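Structures are listed in the sections that come next.
Presented sequentially are two complexes of chain A, the first with chain B as partner and the second with chain C.
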Partner chain A sequence: MVQPIHHTVKINKRLLSPNYPELKLAKHDIRNTAFKPAHTSQDRLQDHYTATLESDLLLINYTHNQQRQEGLKTREWDGSSPYHINRPVRPPRGRLVQTKDIKPRTWKNVPQLELIAINCFVKEAKAQSHLVIAAHLQLQQITNSKVQRVFTKSNVPQWGIRKGMPIGAKAEIFGADAHTFVTTLNELVLPRIRNFQGITNKSGDRSGNITFGLTPEDVKLFPELENNAEQWAKTFGIHITFRTTAQTDAEARILLSGLGFPFYGEEKN
Partner chain B sequence: MTGVNFQFTRGKRNKANRTRSPATERVLTQLKMISQRRKQPKLLQVCQEDHIRHETITTAFKLYRQEINANRAKLLLKQYESIKYAMEDLEQINSYLFHEANTNQKGKRFDLEMRIPTEYPPNQIWLHDYTPAEVAEKK
Partner chain C sequence: MIVSRTPIITQEIPEFDQQYQTYQSELEKRLMWTFPKFFYFKKGTLAERAFRKLQRYPSAPQPGVYFPHGKPDIKFDRDRRLKQDIVLRVPDEVKVNEAGETITTSEVDDETIAAFVPNSRTTEADRTNDVLSLERKLSRTLYLLVKDQSNTKGWAFPAFPLASKQPLHINAEVGIKTLGGPNMKLWTVSNTPCQLLKFSQGQLAVESAENVTREFMIKAHILAGDFEAPGVTHAWLTKEEIKEKCDGAYFEQVAHLLAEN
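Coming up: the complex of A and B.
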């Protein structure tokens, strides 16, 4: 007897129906409205990474006889008191949030750049909300991607903000766009910033993501804005976060130094 | 109505007699630049034959890239195993050297002078005596 499998196999009924064939096209199909051409040109940074950095990073991060290193986790009450039953769990020792486990480094998890998140908070937009539009356009110009608007989340009368006010813009860029952004930063923008020391070694969220900021004057050095400088009398500072697959900040910094970013200061974590 | 200043114009208000400040115009231009209509490219119209051709080429290129990535992963695995065997041997031979080789390399940096290579690095960095080629005059 053949066992019924219709409970175990998930069926996408949308694809079975003959209606709306144009909505069932795959993302890579050129007839799909969401189609985005990929691999249209050489990716210099990706080639550099695969040819040079990847094998070096594998060797640098290798440690012999690695074990899974457990991160700091929340602590349960031991149950010695009946009041422990509904008590909320204790935070990790010495911290407020849990940290991730560190897995053994192998050829499968060599650190690489995942995406770049760019955030632009416009303080002046509290009084002049139209400045958000300029910040949005500025991010669109320098990232070549779709930018999202940022709204305030809470009411704080002392700061003059109400919930839902437009207050900035943010963008997340992947792949070729992100790589172009990195090379633009390293070859055209950062070398021309006066007194630029590098990214501080104190930056990082302990799980391999490094952040640094650019002032409004630094942003003017992006070629997209510089070539049209008279239109960009007012620019806005940005925060740039490199999200990497590195498990610690120290490894993420080694990766970013390979992509051409200088670092300064004492390194603790 | 109080507090509202209408600038009265003769006749109906329309686009021609509308006045906007330059600041407003600038914001409007910026809004036009970020509108989604500008980002949506025209949908490609291809016949069935061309579509099949395109799909074939795309699939072939995908397979080609898959092969390259598989080779890369294989090389990395080989490198990883070599490192592992070398460390196992070193552990047997010399414990001091093993300890030195196994220390955490935190704070290591690639050289700042290491540049991301370009496909065509220039032989001549700057064309200092550039003169534009003469264009033949149209008759």
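Coming up: the complex of A and C.
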């Protein structure tokens, strides 16, 4: 993977010392070595959101006489038996995990794109661990962010994995980086995928986060890889998760289709 | 019904913001990693040699030499006080031929790049201030306003009497199609109205008024086509222009529904 070949600024070692905390500079201070400029260009996706999408989403999701809808919660034992003490609580009716309450939709909780999480699991890395490096580099190229490595969590001999093996890479992108990624997907990558129908309506984790996947061939269409194609003999498929502040998947889908993603198929709920 | 044409091009940003963004992006370039040429150009290849030849390397600090713009801080062929300039091709030379025309000699003879000229942000409709055109003020949201024939309301959003017992948004869609012709492609945002106005004898009603007519506002975006109604005086206007044309009390009731951009 590509690492910085030297520090971008001269390090003032006095400021790194823990002896003088009052000398520490805030991260937004330009003298801090971790300073990163934020508003480097016009963000047209954010402009579209504030000018058009925000008010539309509020109106679409709004219904009259809204009440707070309780989610499914774990059930306490009624205490009719002495054995109920110390007995673990019952799971929610018909489910294993609790769901969130749905609050009334107001101008304060209009759905927003919070971040994009990109996950790349490389199955072949069980046998050829060097492939993880290529996957890491691929994510670094398409996201313009610092990528983290992914390690296996447990021993599963049937799958041929041991705990602690490098098995993939992941990245989380926010703000302008995320908006650039969305625009690249919508304008350069997805329209050129053969037989691309859209994101399936069945996707979603029931709390407003939508995931879809791209195959290794689709990933080659990212301009960062396409313009340097001879270096990229092998690419890796990725899973892209849009984490939104929407309360349900339907709301998240409305937000994403407003940002330009097509959806297909029947809705699950 | 509030019919809007959403912005087509990017927003106009104030000059100060533009300068701030330029400053920030220059800072970003300054703080960027040094170009990892080992990754893009393998050592010992012809491409690497050509790349190396094209670069302009900074001069190293010399003992006893005074540098008026500060002592260079060189790491891996880069002065890290400044942004790194990567030269990927020979800069164009400008020549003048016999006829007196200037020609640019370019190593990469890419006609598509040479032919690329962005369209103007201002259109013919902007120059003539044609309020009937949808191609005016491309960076702003435009709203359809019609002038009331009986002249009681003046300029206002188009409104239609509820024909039968049908949903409000269906009634509004049918009404606007009959008024402005079938060529308009509209997308209704929601079946929920976004505002309720009360009128009494053509004027905005006070709370205690009797015989009020209620006006529910349905939001829609125009996607294609145009509003074509020969008998109706209409205009596509921005928020500021609506404020000038409309009655003050009426604008106060609808101002929060209109986009600033």
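Operating definition for what follows: the second predicted complex is superposed on the first by the 246 of 269 C-alpha atoms of A that agree within 3 Å, B and C clash if a C-alpha of one lies under 4 Å from a C-alpha of the other, contacts with A are read in each partner's own complex, and residues count from 1 in each chain.
Quick note on the criterion: contacts are C-beta pairs under 8 Å (C-beta built on N, C-alpha and C of every residue); 3 or more make two chains touch, one makes a residue touch a chain.
Bear in mind the structure is a predicted one, so any value in this text is a computation, not a measurement.
*Asks:* Scan A:Val2 for contacts with chain B and chain C and give back first, second, both or neither.
*Replies:* After superposition on chain A, A:Val2 lies in contact with chain C alone.
*Asks:* Once chain A of both complexes is superposed, is A:Asn228 in touch with chain B (first), chain C (second), both, or neither?
*Replies:* In the superposition, A:Asn228 touches chain C alone.
*Asks:* In the overlay, answer first, second, both or neither for which of chain B and chain C A:Thr50 touches.
*Replies:* Both: A:Thr50 reaches chain B and chain C.
*Asks:* In the overlaid three-chain picture, which partner chain does A:Thr40 touch, first (chain B) or second (chain C), both, or neither?
*Replies:* Second partner only, chain C.
*Asks:* First (chain B), second (chain C), both or neither: which does A:Glu267 touch?
*Replies:* first
*Asks:* Looking at chain A, which partner touches more of its residues: chain C or chain B?
*Replies:* Counting residues of chain A touched by each partner, the higher count goes to B.
*Asks:* Quick check on the superposed pair: does A:Lys10 touch chain B, chain C, both, or neither? Answer first, second, both or neither.
*Replies:* A:Lys10 contacts chain C only, not chain B.
*Asks:* For A:Ser154, decide between first (touching chain B), second (touching chain C), both and neither.
*Replies:* In the superposition, A:Ser154 contacts neither chain B nor chain C.
*Asks:* A:Ile60 contacts which: chain B (first), chain C (second), both, neither?
*Replies:* Once the two structures are laid over each other on A, A:Ile60 reaches both partners.
*Asks:* Let me test your reading of the model: by the given contact rule, A:His130 touches which partner, first (chain B), second (chain C), both or neither?
*Replies:* Touch status of A:His130: first partner only.
*Asks:* Once the two structures are fitted together, what part of chain A is touched by chain B and by chain C alike?
*Replies:* In the superposed arrangement, which is not itself an observed complex, chain A uses residues 30, 35, 39, 42, 44, 47-48, 50, 55-56, 59-60, 62-64 for both chain B and chain C.
*Asks:* With touch defined as at the start, can you tell me which chain A residues reach chain C in the complex?
*Replies:* It comes out as residues 2, 4-10, 30, 35-42, 44, 47-48, 50-52, 55-56, 59-60, 62-64, 228, 231.
*Asks:* Within their complex, state which residues of chain C touch chain A.
*Replies:* My answer: residues 6-7, 10-11, 13, 20-21, 24-25, 27-28, 31-34, 36, 39-40, 73, 75-76, 80, 141, 189-190, 192, 194, 219, 221, 257, 259-261.
*Asks:* What part of chain A is in contact with chain B in the complex they form?
*Replies:* Residues in contact with chain B: 28-31, 33, 35, 39, 42, 44-45, 47-48, 50, 53-56, 58-64, 106-107, 110, 130, 133-134, 136-137, 140, 146-147, 183, 186, 250, 253-254, 257-260, 262-263, 267.
*Asks:* Enumerate the contact residues on chain B facing chain A in the complex.
*Replies:* Residues of chain B touching chain A: 27, 30-31, 33-34, 39-40, 43-44, 46, 51, 54-55, 58, 61, 65, 72-73, 75-77, 79-80, 83-84, 87-88, 91, 98, 102, 104-110, 112, 114-119.
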